[in-house]
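First chain written, first letter: the chains are A, B, C, D, E and F, and each begins at residue 1.
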Amino acid sequence: MEWIGAITAGIMAALGVWMMLDRHLMRVVLGIAVLGNAINLGVLTAGRFAGSEAAFTFAGQQVLDSANPLPQALVLTAIVIGFALFVFALSVLKRTHELHGDKDTDRVSQVTERPAPDQDEEEPYPPAEDRKP
Amino acid sequence: MNVLVILPILIPLTTLLLALLVRRHHAWVTVISMTGSAILLLAGIYLVALAAEGTVLSAQMGGWAAPYGISLVIDRLSAVMVAISGVIGFATLVYCFRQPMPADFLRDTHLFIQGLLVGICGAFVTADIFNLYVWFEVLLIGSFALIALGGGERRLSGAMTYLVLNMLATLLFLLAAGLVYGATGTLNMGELALLFRADEASAGAWLGVILMLVSFSIKAALFPLFGWLPASYHVAWTPVSALFAGLLTKVGVYALIRLVTLLWPEPGVVHSVLLWVACATMIIGVLGAAAQTEVRRILSFHIVSQVGYMVLGLALATPLALAGAVFYLIHHIVVKANLFFVGGIAARLSGSERLAAMGGLYARTPLLAILFAIPALSLAGIPPLSGFWAKFVLVKASLDAGIWVAAFFALFTGIFTLLSMSKIWNETFLKAHPDPERIGATGNGPRSAWFTVAGLAAITVMIGLGAGPVMDYAIAASTQLIEAPAYLQLLNRGGE
Amino acid sequence: MVYLHLLLATALAMLLAQASPLYWMLAFAALYPLFRLGGLVNGACRLYAMRIEAGTTFICWFTYQVFSASMNVAKMVLSPHRQPESAVVRVPLQTRDKRLVTLIGCLLTLTPGTLALDYWSRTGEMFVHILDTRSIESATGSIAEIERRLMRWIQPLGGGR
Amino acid sequence: MLISLLGIFINGLCAPFVWRLAHRHAGLLLAVVPAASFIWFALQVPEISRGGALFESLAWVPALNITLGLRLDGLALLFALLITGIGTLIVMYSGAYLRDHRQLGRFYAYLLIFMTAMLGLVLADDLIAMFVFWEATSIASYLLISFNHEKAESRRAALQALLITGGGGLALLAGLVLLGIATDTWQFSQLQSEMVQGHALFPAIMVLVLIGCFTKSAQFPFHLWLPNAMNAPTPVSAYLHSATMVKAGIYLLARLNPTLGGGTGWSTVLITLGALTALLGAVLAIRQYDLKRMLAYTTVTVLGQLTMLIGTNTSYGLQAFVLYLVAHSFYKGALFMAVGAIDHATGTRDIRRLSGLFTLMPLTGIAVGLAAFSNAGLPPFFGFIAKEFKYAGLIEMGSIGWTVTVVMILTNALLVAAAGLIFLKTFLGSPGKLSHSPHEVSPLMWIGPLLLAVGGFGLGAGNQWPEIWLVNTAVQAIASEEVDVGLYLWGGITPAVIASALTLGLGTVFYFKADAVRALANRLGSIWTFSGDLLWDKLLKRLFRFAGAVAALFQHGSLRLHMALMTLVVSICVLFGMLMMKTTPFDGHALSEVSLPGVIGCLLALGGAAGAAFMAGRLALVASLGASGLGLALFFVSINAPDVALTQLMVETLTVVFLAMVLRRMPVVPASGGSGAGANIWHAAVAVVFGLAVTLLIMTAVSQPLPGDLADWFLVNSLPSGYGSNVVNVILVDFRAVDTLGEILVVAIAALAASTLLGVGQPPTAKPRGLPEFSSLMLRQGMRPLAAILFLVSLAILWRGHNLPGGGFIGGLVAATGFTLLIVTFGRGIQRGLARIAPPTIIGLGLACAVGAGLFGLAAELSFMTGLWVAPFGVKLGTPLLFDLGVFLTVFGSVMHMLRNLIGRAV
Amino acid sequence: MNVLLAGQYWVLHLAGGILVVSMVLLMWRLLVGPSRPDRAVAMDALTMIGVAGVTVLALITRQQVLLDVAIILAIVSFLGSAAFALLFRGAHSSDEQPGPQLHEDDI
Amino acid sequence: MKEAMAFAGSILILLGALFSLLGALGVCRLPDAYSRMHSASKAGALGAILILLGALFATGGHAWFNVFLAVAVLLVSAPMAAHIISRAGHMAGVRPKVGPLGDALERAKDRSSNR
């Protein structure tokens, strides 16, 4: 089973990277999610798929052949973290789109290479359009 | 003891949640946040004082023995990193004080800076690989929040670039942590160190660690993986980029130092790879800086270059070189953050941070010129400021070790550093302003910002003039890094 | 009414203690005659019992409906070359009670072959997509049937308008 | 010595304030401290001349054996006297010269700091302390040269000086460090030539030190900064050229001569380069019309000669060195100050326009005259003795010496001509036409040059005095062995005298044929372009262009390129590491069996991911992503990880919901691969390599049985120690609760940040009504019970989580799901009706619960996060459960907060 | 968890097999579309298959804890469908009109 | 009793699986999204419910809590899901392929917008 986990993780990672190399920013953000899934799978695989039952130890029952709970706990943590970061990325994307309609990856990073604006030209916070009641 | 170990995490965390609960009252948030970081600073100083006496603090979270539970360790390096985080955190908040920004903006800055500090301090004190990953994520999301704060096309784009590339790095770290567990059966750094030091690590463990090092290298902005840094640091709000410039990449460097010294106390193949990487980082970074025409871009590339020095110290792997790296770390954080702060004030006075649109500040505000000159000269390694000792020790260590090429790069980079610092100096201070009416049109800004800059400059001078005790500390820290007593004894001590 | 609920709660507590739906059904079987008998002296008890009866009847009827409708859909899907003749029909509902309308909508949607597309509260009409029908009447009829039976169940409680 | 250093330094720091207070008299006031130092040093002369030395030392960096050690011996004393003496005069002079400059206070400061640095440099006994002062002189001179900072020319000159001397300084540092390594000491006074000579590092040390010294003392080819430094105000030039800066390099050469000198390499390099520099300086000097520039080039000449003299290492040579050093300091200081006075008085420094000034400025004229004679090496000036001894020293060397002597005769003849031009041409003859009528300058401006010029005369005439008091000990300090010192003006007809006579004769010829000489010099035009500034500019330009190209490699503004590079580097590192270790993934130990549902889950996950990667359209994208998550969850179920599966499911669904909310306002996402075929292949290659690396990595990691007993320990201890059956949950809330704490912090900050970004707290634009897709009555009626069920389920999951699948995360996510349904149906307003507490407060409370749960342990003097349990009424309650509640609240509050803002303001 | 079924082995595996076949069919529809609701329907059905599949898996492995996954999956299924419904309309459509058929008092 | 429950369980599970297959087949065969919804959302949900009930029997009522919650959620959410998808689809302009009886909702919408 570890074989399959490893190969799946590899292919998914490749797909994730492929998406992150896309021109469309939306797909880049989704690529992060896919890559994240791949990595989670990888972590779980690295912890082995031993055991024939889930890691529960009920009173009076002997622990016989449980799955390794540690990688599960780690991956659980990683999944939630990944989700939080993904949502943040999504909101950056949304804001970018709302403000400028940027969706092309290269354009986005080119913008950062523009010369710095003068101090009084910096964007107010939050952007003026939102301040209107 | 237990309390002390968790303090670096607990102080900013408590500050954050208190500030969050009173977030509607902006004044309270400011008070709480500044008090919190002052306490963190004091705690850091106390930890350094303890560590200087040779005390090593460690605790098992939840009382579960290593390697089952999470271990936190504060040795000399951790202690000084915590203290310096306190310094920079406090400095940033003081700089932010009364900046002419909307109240919500400042409030959010305070919240996120506290969050960032939790992550940074957590990364400094943990002795568990996965726990390190978690703190990395905390500081990552804190930095995302801060870099995007305020919106705007440029800033959002920078945030996106920063975000995507850093997420990739962090995911790699996660995979690496998983692989290391899968190959060694442990997440405890001490146990890992024992394994590697006994040369019993399997190929899988090696590969996992290599992956981890690569991911740290991205975080630390090493050649050729530093592209994200100069592509994003200059877009954030000035104090934010100062905080990033000072502290953030250094967490990566810290992690590199920690892991490499733990696993390979003797020079080996990893060190020789790091050596070349460090040299390339130094020179490429400084060349990149020379090509820039904006204050913060120059400084951003310099971060890259300077990280090269620190890694050089690590790569040389002699106690002296490591001490140099530690010294460099301490010095650089203060100096680099300060340069960003000064750059912010200069940009404010000039009305721009493009060198072409700046000027005339030498005549108008000589005080600022002095305050810039101190960190700038220190960065360039001009004695007797802090940077000189850092560089000197590294040069001496490389020559001691007979690695001439390292010394050559270290010195050669120095001259370029001087060049680009004098570029800023020339254009911003000496040259007449192209549009004299714009100079200081918006006033000098809040006085607290000037205090920040002056305070950090004073620290730079103090480190330089009082290099003796600092160097003693750094050397002791480097010895401790190599011997790693705290980490290696975690397992023997059992639970508390 | 309150103590009836209390009674039910007791049953539920039993069920929790024994942790088996079998006991739950047994409890109900045991309680039901009590309700019936209680109905002779107490109006609320009678209503309660009637509601249970109507409810049981409705559930059985509805389950049957679902299965027979499923069979129709199955035939439809499995027979080759047969294309369904779909339609969206407008069914005026008797009740205007929002909860009842919702319940009706859910129930008819749960039945294969019919699907609540929309409900316009202004006119009290429900628009239902029907998978395969030849006449509007048969479609509306079956839906009206659901409503009627449902009302019979709910009405004793005094629900509706 | 320390006090004098510190005094001058503090004096410098106070200078701006003194100037602001005293203004006119600031110069005099500030000259007091240097003057006092001078007197102090003068008082040490008897002691030192007896061969003693003074030591002072202050520990600096004990770990590296570096001290702030000072030593006053003959050489140091000589320099110290020059520095403080001439410095005092310069300070007074500049007060008058720059009287009306508004940055004069700063100027004083720089000058005095410069003086400190220079003094420190010559006094330092510690190599590193010396270097500290060395660099300080570079910086201070930078500030002085760029004093007229609004002139681009000044800035350029300053930068040039800084880079050349700074760069040399770095080489010097390396040299000094090597010296320290080779000799194991940082003290000049403990250096022995045996320690170094013959050491493997010796050649490197020598080369590096020489580079440092040559850049500083403007030896060819580093000489170009010196003439450009003329852009500084004249007092600076006077100081820089006479006693300081440029002499720093010479000083160090002299200081290290006993240690490094003696070998043929040292001599050859010093003599050759010194002579070359001298000749070059002289030729360049004669070309100039600007008095100041001419003086500057003569300085280059002198520096060359001094270097050369050290190289001779002969008795006469070293005596000549000291004599020449002193003589030059006197006359050059005088000349510069006088030229400044002329400039001040006449408004020009062009010798073609100046003449006959003597009647107008007699005192300055006397000073210039005396100094120029000394410069020309006429008897009985000190310069004459210096020249005699120089020739004597060279001739002593034999055949090489003769060759060099010829060069020197030529050089000195040119110097004679230059001296003539400076004095005769300018002061004698009939007055020329000038823009404004010249007049004698103020006493402060002529007293300095006059004192120095007379001093030069006096020293020459009464040469026994300096011989006993100064020269002797200085020469002994430079020489490796004892040297007999005896100065004389006339020692009979010696080859040296003949050479002198030749020099004078040739010089006179040159003076009268000055224009012809100049024309000849100009004809060698190509040499000037080579040695001149053009090269520097070109070099700098090339450098910046190169730097730009390097920067562009990494600053291309393409996120994709960054990504690709990063991914590729990672993959290559890993694959290369694998190759190095010759690992073969899987050496055939037992792995777990393949399970069909797992395979199906994998296929579904891959299919979904592939769909997301390639398909066009928003919904297809979201659906594929959802399917992928579903498949993954199925896989997790199949490997007995129900908690992970649950989390994955919830997260995936919320991801889909959030995506849908964002995407509904966005244009259609096109199919991937729209960057052209070449780019596609390249991207695909990067992706495949990365995927391969990941697969191989994992396979290698699992290629042996899992070491360690962590898993077993957790399984065994979960119930008895953590009081929970769900081991994963016990790990999350107890064994590794700190991880979880960090994790919920991430969630909380992400929520706060996302909502900040999307403009939290802004009032909705219209009355919130929920999304139109959910505006059906059936939905509105049905949603409440459904949400209620979800809230109940979430509470159940939270409660059971410690023993059964679930826990804070999943519970929080389920509750948030219920909330999501309500908000999309009824709009953001429902939140206020549902929960009076704002989401950030819920987040804060959640974090507080989690942290508080940890604090209980601390309060009980146990570790942070130690679980404490009670069992009232048989229900096991403990801090881990409180922690789980904190997780629940944080996750719930965070998702609620994110959602509220992500859904948009209109809803 | 004790599981007792008539013809236990083949019943469960047969059921599993049937579910797999169903899943493949649905995947095909998910990929092909063509309309957006089509994909949404396929996705919704897929999660239902998931609920059924996880239940069968729980019976096969005799792990009651897996049944919890089924509950969550059921919840998730609805949420997913609701999310897809948001994407049916074209981009940049206005949200302002709340639908003509809704009364003020329906809320 | 136990045998009966085991038997009922088997029947229910197989029936549920068949329902699921039926739903999937319908999704493939039926002509438009609305028709597919009849088979997918409902046959699928019914299949899942049946299998869950089968599990209830198979475990001798042991898993009743899980089954109860799952069935409750399915019963409430399945029709809602079908409703929301079909309604949103109709709103977005995806028209059902209808027979001679036509689309009353579209007509009604036209009427109300013309008014």
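To be clear about the criterion, a contact is a pair of C-beta atoms (placed from the backbone, for glycine too) under 8 Å apart; a residue touches a chain by one contact, two chains touch by 3 or more.
Chain by chain, the UniProt names read as follows: A = Multicomponent Na+:H+ antiporter subunit C; B = Multicomponent Na+:H+ antiporter subunit D; C = Cation:proton antiporter; D = Multicomponent Na+:H+ antiporter subunit A; E = Multicomponent Na+:H+ antiporter subunit F; F = Multicomponent Na+:H+ antiporter subunit G.
Here the structure is a predicted model, which means the values were calculated and not measured.
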| item | value |
| --- | --- |
| Path length in steps (a step moves to a chain that is touched) from chain D to chain E | 1 |
| Chain whose Cα centroid lies at the greatest distance from that of chain A | C |
| Identity of the chain that, by mean CA position, is farthest from chain F | D |
| Centroid spacing, where centroids are CA-atom means, of chain B and chain C (Cation:proton antiporter) in whole angstrom | 67 |
| Distance from the mean Cα position of chain D to that of chain C (Cation:proton antiporter), given in whole angstrom | 81 |
| Centre distance in Å when chain D and chain F are each reduced to the mean of their C-alpha atoms | 70 |
| Averaged-CA centre spacing for the pair chain B and chain A, given as whole angstrom | 25 |
| Residues of chain A whose C-beta touches two or more other chains | 20, 28, 39-40, 42, 44-48, 52-54, 56, 70, 74-75, 77, 81, 84-85, 88, 92-93, 95, 108-110, 112-113, 126-127 |
| Two or more partner chains touched - positions in chain D | 555, 557, 559, 562-563, 567, 640, 642, 654, 659, 663, 665-667, 694, 697-698, 701-702, 706, 710, 714, 736, 739, 743, 746, 749-750, 753, 757, 772-774, 776-778, 782, 786, 793, 804-805 |
| Residue numbers of chain C (Cation:proton antiporter) (touch at least two other chains) | 98, 105-106, 116, 118-121 |
| Contacting residues of chain E [partner chain A, same complex] | 61, 63, 65-66 |
| Chain D-facing residues of chain B, complex | 2-3, 5-6, 10, 13-14, 16-17, 20-21, 23, 59-64, 67-70, 72, 104, 108, 111-112, 115, 118-119, 122, 130-131, 134-135, 137-138, 141-142, 144-145, 148-149, 151, 160-161, 164-165, 168-169, 172, 175, 178-179, 182-187, 202-204, 206-208, 210-211, 214-215, 218, 224-228, 230-231, 284, 287-292, 301, 323, 362-363, 366, 377, 382-384, 388-389, 392-393, 395-396, 399-400, 407-408, 411-412, 414-415, 418-419, 422, 426, 429-432, 467-468, 471-472, 475, 496 |
| In the complex with chain D, residue positions of chain A that touch it | 1-24, 26-28, 30-31, 33-34, 37-42, 44-59, 63, 66-70, 72-77, 79-88, 90-95, 97-98, 103, 105-106, 108-110, 112-113, 126-127, 130-131, 133 |
| Contacting residues of chain E [partner chain F, same complex] | 1-8, 11-12, 14-16, 18-19, 21-23, 25-26, 28-29, 35-38, 40-42, 44-45, 48-49, 51-52, 55-56, 58-59, 64, 67-68, 70-71, 74-75, 77-78, 81-82, 84-86, 88-90, 99-101 |
| Residues of chain D touching chain B in the complex | 16, 59-64, 103, 106, 128, 131-132, 135-136, 138-139, 142, 146, 149-150, 152, 155, 159, 162-163, 166-167, 170-171, 173-174, 177-178, 180-181, 543-544, 546-548, 550-552, 554-555, 557, 559, 561-563, 565-567, 569-570, 573-574, 577-578, 581, 583, 694, 697-698, 700-704, 706-710, 713-714, 717, 734-739, 741-743, 745-746, 748-750, 752-753, 756-757, 761, 840-841, 843-845, 847-848, 851, 854, 857-858, 861-867 |
